[in-house]
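Consider the two complexes below, in which subunit A is the common component and subunit B and subunit C are the respective partners.
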Partner chain A sequence: MSDRVARLLPWLLVLPLLAMPLYVDGSWLIIGILGMAGAIGAIGLTVLTGTAGQLSLAHAFFLAVGAYGYAFLAAGSEPGGEASGLGLPSTVAALAAVLLAGLAGLAFSPVAARVKGLYLGVASLALVFIGEHVLRNAAPLTGGFNGRRVPTLSIGGFELTGRNPELVVLGIPFLERERLWYLSVLVLVVSIVVATRIVRGRPGRALRLMRDSAAAAGSMGVEVRRYQASAFVCSSMFAGVAGVLTALAFQYIVPQYFTLLLSVTFLAMVVIGGLGSVGGAVAGGVFVTALPLVLEKFSTSLTFLADPGTGGLDATMLAHLIFGASIVLVLVVEPGGLAALGGRLRTLVRRS
Partner chain B sequence: MTRALTVEGVTLQFGGIRALDDLSFTVEPGTVHAVIGPNGAGKSSTFNVISGHYRPAAGSIRFGDTDLTEMAPHRIAREGIGRAFQNIALSGHATVVDNLMVARHRLTRAGFLATALGLPGARREERIHRERVREIADFVGLGGQLNASAGTLAYGDRKRLEIARALCTEPEILLLDEPAAGMPAFEKWDVASLVLSVRESLGISVVLVEHDMPVVMAIADHITVLDFGRLIAEGTPEEVQSSEAVIAAYLGETAAHDQAVTTAPSTTPTAC
Partner chain C sequence: MKIVQLLFLGLSLGSIYALIALGFVVIYKGTKVINLAHGSLMLLGAYVVAVVSEHSNFGLGVAAGLVTAGLGAIVAERVVSLARTHDHLVPTILTIGLDVLLAAELSRRIGTEVFSMGDPWGDARVTLLGTVLPQARIAATIVGIAVIAAFFVVFRMTDFGTRMRASAEDAETAALMGISQRRVAMVSWAMGGAMACIAGIFLAAFPNAGLDHHSGIIALNAIPAIIIGGLDSSEGAVLGGLIVGITQSLVQGYADALHFLGGNAAPVAPYVVMLAVLMVRPSGIFGSKELARV
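Right after this comes the complex of A and B.
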C-alpha cells in the first residue's frame, strides 16, 4: 500500500503544475516552460549517456534540428520574410520536426554504432560545429545570423501557442504562455512515461548490459551495434521535442543559442540529476534551465548581482558557478545525483 | 534433441602468438564436457571462438548442421548457445530479475516503440517471461533474491546468477567458464550439482572450463586437455588422469616420468 503511495507521489506534482497559470504571471510561466523543455532534452540525454553509457556532445545540434525544422516546415512563404518555409499545418510540422531530429540521429548512427563512450563524445562534437556553421550560413532555411520567426502552433484554428480565439478561465485570460504551459506539461508527462517504459523495459535492459559488458550483451542475443544506434536515434528524438518546445517558447530562434555550451549544459543537467534516471533528468533539467532565469528575475533585489554586461557577477555567471559547485558536490558526495536523494526520500516515506 | 558442437581444426592467432593451434573436439549432445589445461592453455580463447567474440584464422565451428564460424555473437546466442562469463559480467546496479530478463532478449520482440507505447503484446510478453525467469531463479537457488541488486549479492550468488542468466537464454548448450572459481569447498560442490542438474533436468549439454580438478573429475563425462593452444589429451576422466602428456603439462617432464600412473593429478593442479 505505502509502496504504491511512494511510487505515485511524484505524480501529485502534476496537480499544482496544472493550477500554476491561475496564480503566477507570464514571466514565471516562461521560466517553467523553458525548464520543462530542458527536462525533456535531459531525459533524452540520460537515456543515451546514463543507460547506454554513450557520451554525446551533439545534443544542441538535435535541439536545433527540432527547432529550425519546425520553423521551416510550419512557416508559410510570407512576402518580405527572409527565410522560406513549406507551410505545412503546424501540428504536422511539429511531429515532422521531431522525426527529422530522429532522422538526423539516424544519419549519424553509423558513427554512433561503432564508437564507444568518450570517443563518441568527441566524434559528436563535429555535429555541433557543423550545425553552427549551417545555422549561420544557410540563410534561406535558418534566417542566418539573425535567426527566424517561429510560427504559432494551432489545432483546427485554436492557437495552442497564440491568443486566438480568446479564452478566459476563471477570470484569467489564457494567452500564449498559459496555453503553451499546458502543452508543455502534457508533452513532459508523455515524455516521462515513454522514457520510463523504455528504460525499465526490454530495450533499457539491453542498453544497460551493453554499457556494463558489451561481450555479455552479445552473448545474450543483443545486437550491440544496432542497439547503440537505436539509443542515439531515441535520444535525438527527445532532443527534437525539446527543440520544438524551446522554439515555441522563444517565438524567435537564433543560432547563438544552439552552441556547444548548450550541449555541455545538458550534460550538467543529467549529472546533477543522476545519470540514467528519468526523474533525475527532469529535476536536473528544470533546475539547470530555470536557475539563471530565476536569479535574473530577482537580480534587482539581489543587490550583489551586477547588471549583465557590466563585467561584474551577473545572474548567468552566478548560475554557472552554482552548477559547477553542484556537479562537484554530486560527484563527491552523492554520485546518484538528485535521483538518489529522491530515492532516499521515498524510502523515508515508505518507512513512516 | 540437442545437437553436437564440433570444433574442427581451429587456429586462433594474436599477432605472432598462436592461442589455439589446429584444435579439434566434439561436444556430444547431453554430456558435460570439460576443457582443462594450465593457465594460458587457451581454454577461454576456445570459449571466445565458439561464442563468436574471436574469429579463428582457420578451421570451423559447427553446431549440428549450422556453421557458426563467421557468425556475430548475438547470432550465435540465437542459435541456442548460452554463455556464463568467468569475470562476472552482470549489470551491478540492476536487480537480479532485470539481469535475468535481459537474457530473454532473443526470445522476446518488443522494440523501442512497442515498449514506449506499452502495447498489449509487449506487456503480455513481459509478464510471461518474468514468470519463466522466476522459475529459473528458483532452479539455481536465487528465488529469494529476485529484487536485490546484483552488485550487493555475495560472490557465490553472483556466480550462480551468471549461470542463471545463461540458462535464461534457454540454450541447447551451455558454456560455463570457471563456475566454481574462488569458491569455498562446500559452495563448489553446490555448483557442481547444479551443473549436473542442468544436464539431468533441462537436458542441456554443458561445456565447462574449470581449474578445480576434483570437481571436473567428478562431473565431466568427457575431458579435453589443452596446453599452449594444442590438444594434448582427451577422453573420460580416467583416461585423462593416466595420460603422461597431461601429467607432463601440469607438473613438468620429470614428474611425468617419476609419478606412478596411479597417482592422480587431481590432487595437485588445484594449486595452479
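Right after this comes the complex of A and C.
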C-alpha cells in the first residue's frame, strides 16, 4: 500500500462518525461528544507537553475559562437569573471564550516563559487551585458553588445545541445531542488539522529543538521565550474549545468538575495516546473520557461493580485504577503509547 | 494576642509541611523526579498507623506506618526506574500514574470512614505565652525539628550523606567513583516516604478532624513550599514549609478582615505567594540557578 493511502486511512474514520447519530441513541452520543471534547483538549496538551516539553497540570483551569467564559458571555441577564451575563450572540461568545482561554494562557506566560519542564508542571498547579477558588467565590460571574446554566449555541435562529427549529433527517428527529454531535465532529476535524500543521510545520520543529536544547534553538534564531509563551497560549486555546464543547454537552457547569483530577485525566490521555502525537491524543482523549461513562452505563450488568458510595469497587474507581495502571504500563512498556502501536500496525500493513 | 497565637500555629503547621517538602526535595535530589505520588504515600503511612494503633498501641502503629511508607516509596522508586528514557518528564508523569492507582485503592479501603490516629496527645491543649495551643501541634513542632535536624546531620556529616550529596551534584561522576546510584535512589525515596508518614500522622491529629480518603491531597500544600524554597535545596524546603504554614494560619485567622478574598481562602493563599516568588526568583529562594541563558 502506498504511503499516501496509508496516511489518508485514518480520515476514513470520519465517515462512520457522520452516520452515527442515525444509528445510536442520545446516551451514546453524549459519551461520544464528551469524548471528542476530551480529544480536543488532549490535542492542546500533547502539543505543549509532548512537542514543547512543558509539563502542565493547569489544563482544567483553561477548560474552565472556556466553559465559564462562554456561559457568561452568551447568557442574557434575565431577571432573577442566578448569574449575570453579557448577552452576546452565542457564536461570538463561543469564539470569544476560546480567545479568553488564550488570554488566560498569555497572562500566565510571564511564569510559563521563565520556568520550564518539571518546574512549570508543579507551578501550574497554582492555576488549578486558584481557579477553583475563584469559581466557587465569584458568584455573580460563575454562579458560585451551585454553578450556572449554559445557554444554547445558535446561528441565525437555528439552534446548534437545541431543538428549534425542528429538524428530521431520514426519519430521525435531530435534537440537542444529534446536532451537537455534528458540531463536535466538525470542531474535532478542524482541531486535528490545525494541530498537525503546528506539530509537523516550522513551529513544531522549533518547539522540539527547544525541548531538546534551548541553547541550540536560541543560536538557530528561535526566540525561545516567545515560543515557550505561544506554546502555552496555543495549548490553552485548545483547552478553551474543549471547555466550550463540554459546557454545551453538560448544559450546566459546576466548579467541582474543573479540579486537579481533570488535569490529571488529561495528562493520562496524552500519555496513553503517546506524548507529542496528535492522533494518539485523539485516541487517548476518547478512551479516557469514555471509559468511566461506558462502565457506568453497564454497571448494572457488570456484576462485579458495586453501587457508588457503598465502599465497594464502583465504576469511577475502576476507571481510575485502569488509568493509573495504563499510565504506568505505557511509560514502562511502550513510551510511544497508542501512537507507537498504531505506527507499528501501519508498517505491518505497508509490508503486506 | 491573636497574632502570636496565629504565628505559633503557623510555625507548627509549617514544620509539618517542611517534613513533606523535605521529602520531595530528598527524592528530587536523589533521582531528579518530583514524586507526585507523595500524597498517596503519606496517606498509606498514616492509614497503616491508624489501623495498627487501633489494634495494638500507638508506638507500634507508628513503627508499622514508617516501615510501610518507606517500603512503599522504595517500590515506587523501582517502578519509576523501570522507565528507561532520557525524557526527564517521563518519571514524574509516571508518579502521577502511581498516585492515581494508590489513591484509588486507598479510598476504596477507607471508604467514607474517618480514622483517628490513636495518638497520646488527643485534644489536650497547652497555654504558652498567653496563647492556647493544641498539644499535638506542639509535639509536631518538636518532632519536626528533631527529624529535620537528624536529616541535616545525616546529610552533612555521615559517609552516606556525602554519597547522597555527590550523587545529587553529578550522578554520572558519582557512579564512576563507585557510589551505587540504585542504593542512593532507594534510600532517598525511603527517607522521603518515612518523613511523609510522620507528617501524615500530625496532619490527621487534632485540631484536624482525622484521616479520610481525601487527606492525601494535603501533601500538595508542600508544592508551593518546594517552589518557594527552591526544588533542590533542603534549607529551602524547610523555609518554604514554614512560609506556607504561617501564610495559611494568618489568612485563616484573619478571614474576617480578608473577606474580599472569598470563603476558605487559606488553602489557596500559599499558591499566590508561590506565583509572586516565581516572578522574582524563578528558581526559588535557595534553588540553584540554571546557567544556560538564551
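Operating definition for what follows: the second predicted complex is superposed on the first by the 351 of 352 C-alpha atoms of A that agree within 3 Å, B and C clash if a C-alpha of one lies under 4 Å from a C-alpha of the other, contacts with A are read in each partner's own complex, and residues count from 1 in each chain.
As a working rule, a contact is a pair of C-beta atoms (placed from the backbone, for glycine too) under 8 Å apart; a residue touches a chain by one contact, two chains touch by 3 or more.
Note that the structure is a prediction, hence the values are computed from the model and not measured.
Visitor: Specify the outcome, clash or fit, for subunit B and subunit C once both structures are aligned onto subunit A.
Guide: The answer is fit.
Visitor: Looking at the overlay, does A:V224 come into contact with subunit B only (first), subunit C only (second), both, or neither?
Guide: Touch status of A:V224: both partners.
Visitor: Kindly classify A:A215 by the partners it touches after superposition: subunit B alone (first), subunit C alone (second), both, or neither?
Guide: Both subunit B and subunit C are touched by A:A215.
Visitor: What is the contact status of A:P203 with respect to subunit B (first) and subunit C (second): first, second, both, or neither?
Guide: In the superposition, A:P203 touches subunit B alone.
Visitor: Could you say whether A:L106 touches subunit B, subunit C, both of them, or neither, answering first, second, both or neither?
Guide: neither
Visitor: Which touches a greater number of subunit A residues, subunit B or subunit C?
Guide: Partner with more touched residues of subunit A: C.
Visitor: Does subunit B (first) or subunit C (second) touch A:V194, or do both, or does neither?
Guide: first
Visitor: Taking the superposition on A as described, I'd like to know which of subunit B and subunit C A:L17 touches: first, second, both or neither.
Guide: neither
Visitor: Is A:A325 touching the first partner subunit B, the second partner subunit C, both, or neither of them?
Guide: second
Visitor: Which partner chains sit in contact with A:L186 here, subunit B, subunit C, both or neither? Use first/second/both/neither.
Guide: Neither subunit B nor subunit C is touched by A:L186.
Visitor: Can A:L141 be said to touch subunit B (first), subunit C (second), both, or neither?
Guide: Touch status of A:L141: no partner.
Visitor: Once both structures are aligned on chain A, how many angstrom separate the closest C-alpha atoms of subunit B and subunit C?
Guide: The answer is 6 Å, the least C-alpha separation in the overlay.
Visitor: Find the residues of subunit A that appear in the contact set with subunit B and again in the contact set with subunit C.
Guide: On subunit A, the residues that contact subunit B in one structure and subunit C in the other are 215, 217-219, 224.
Visitor: Where on subunit C is subunit A touching in the complex?
Guide: 34, 79, 82-83, 85, 87-90, 92-94, 96-105, 107-108, 111-112, 217, 220, 223-224, 226-227, 231, 261-265, 267-268, 271-272, 274-275, 278-279, 282-283, 292, 294
Visitor: Quick check on the complex: what are the subunit A residues that touch subunit C?
Guide: Residue positions touching the partner: 49, 53, 55, 110-111, 114-115, 117-119, 121-123, 125-126, 129-130, 133-134, 136-138, 214-215, 217-219, 224, 260, 264, 267-268, 271, 275, 309, 311-313, 317, 320-321, 323-328, 331-332, 335.
Visitor: Would you mind writing out the residues of subunit B in touch with subunit A in their complex?
Guide: 51-53, 72-74, 76-78, 82-83, 85, 89-94, 98-99, 101-106, 108, 110-112, 115-118, 122, 126, 165-166, 169
Visitor: In their shared complex, at which residues does subunit A touch subunit B?
Guide: 194-195, 197-198, 201-206, 208-209, 211-213, 215-224, 230, 234
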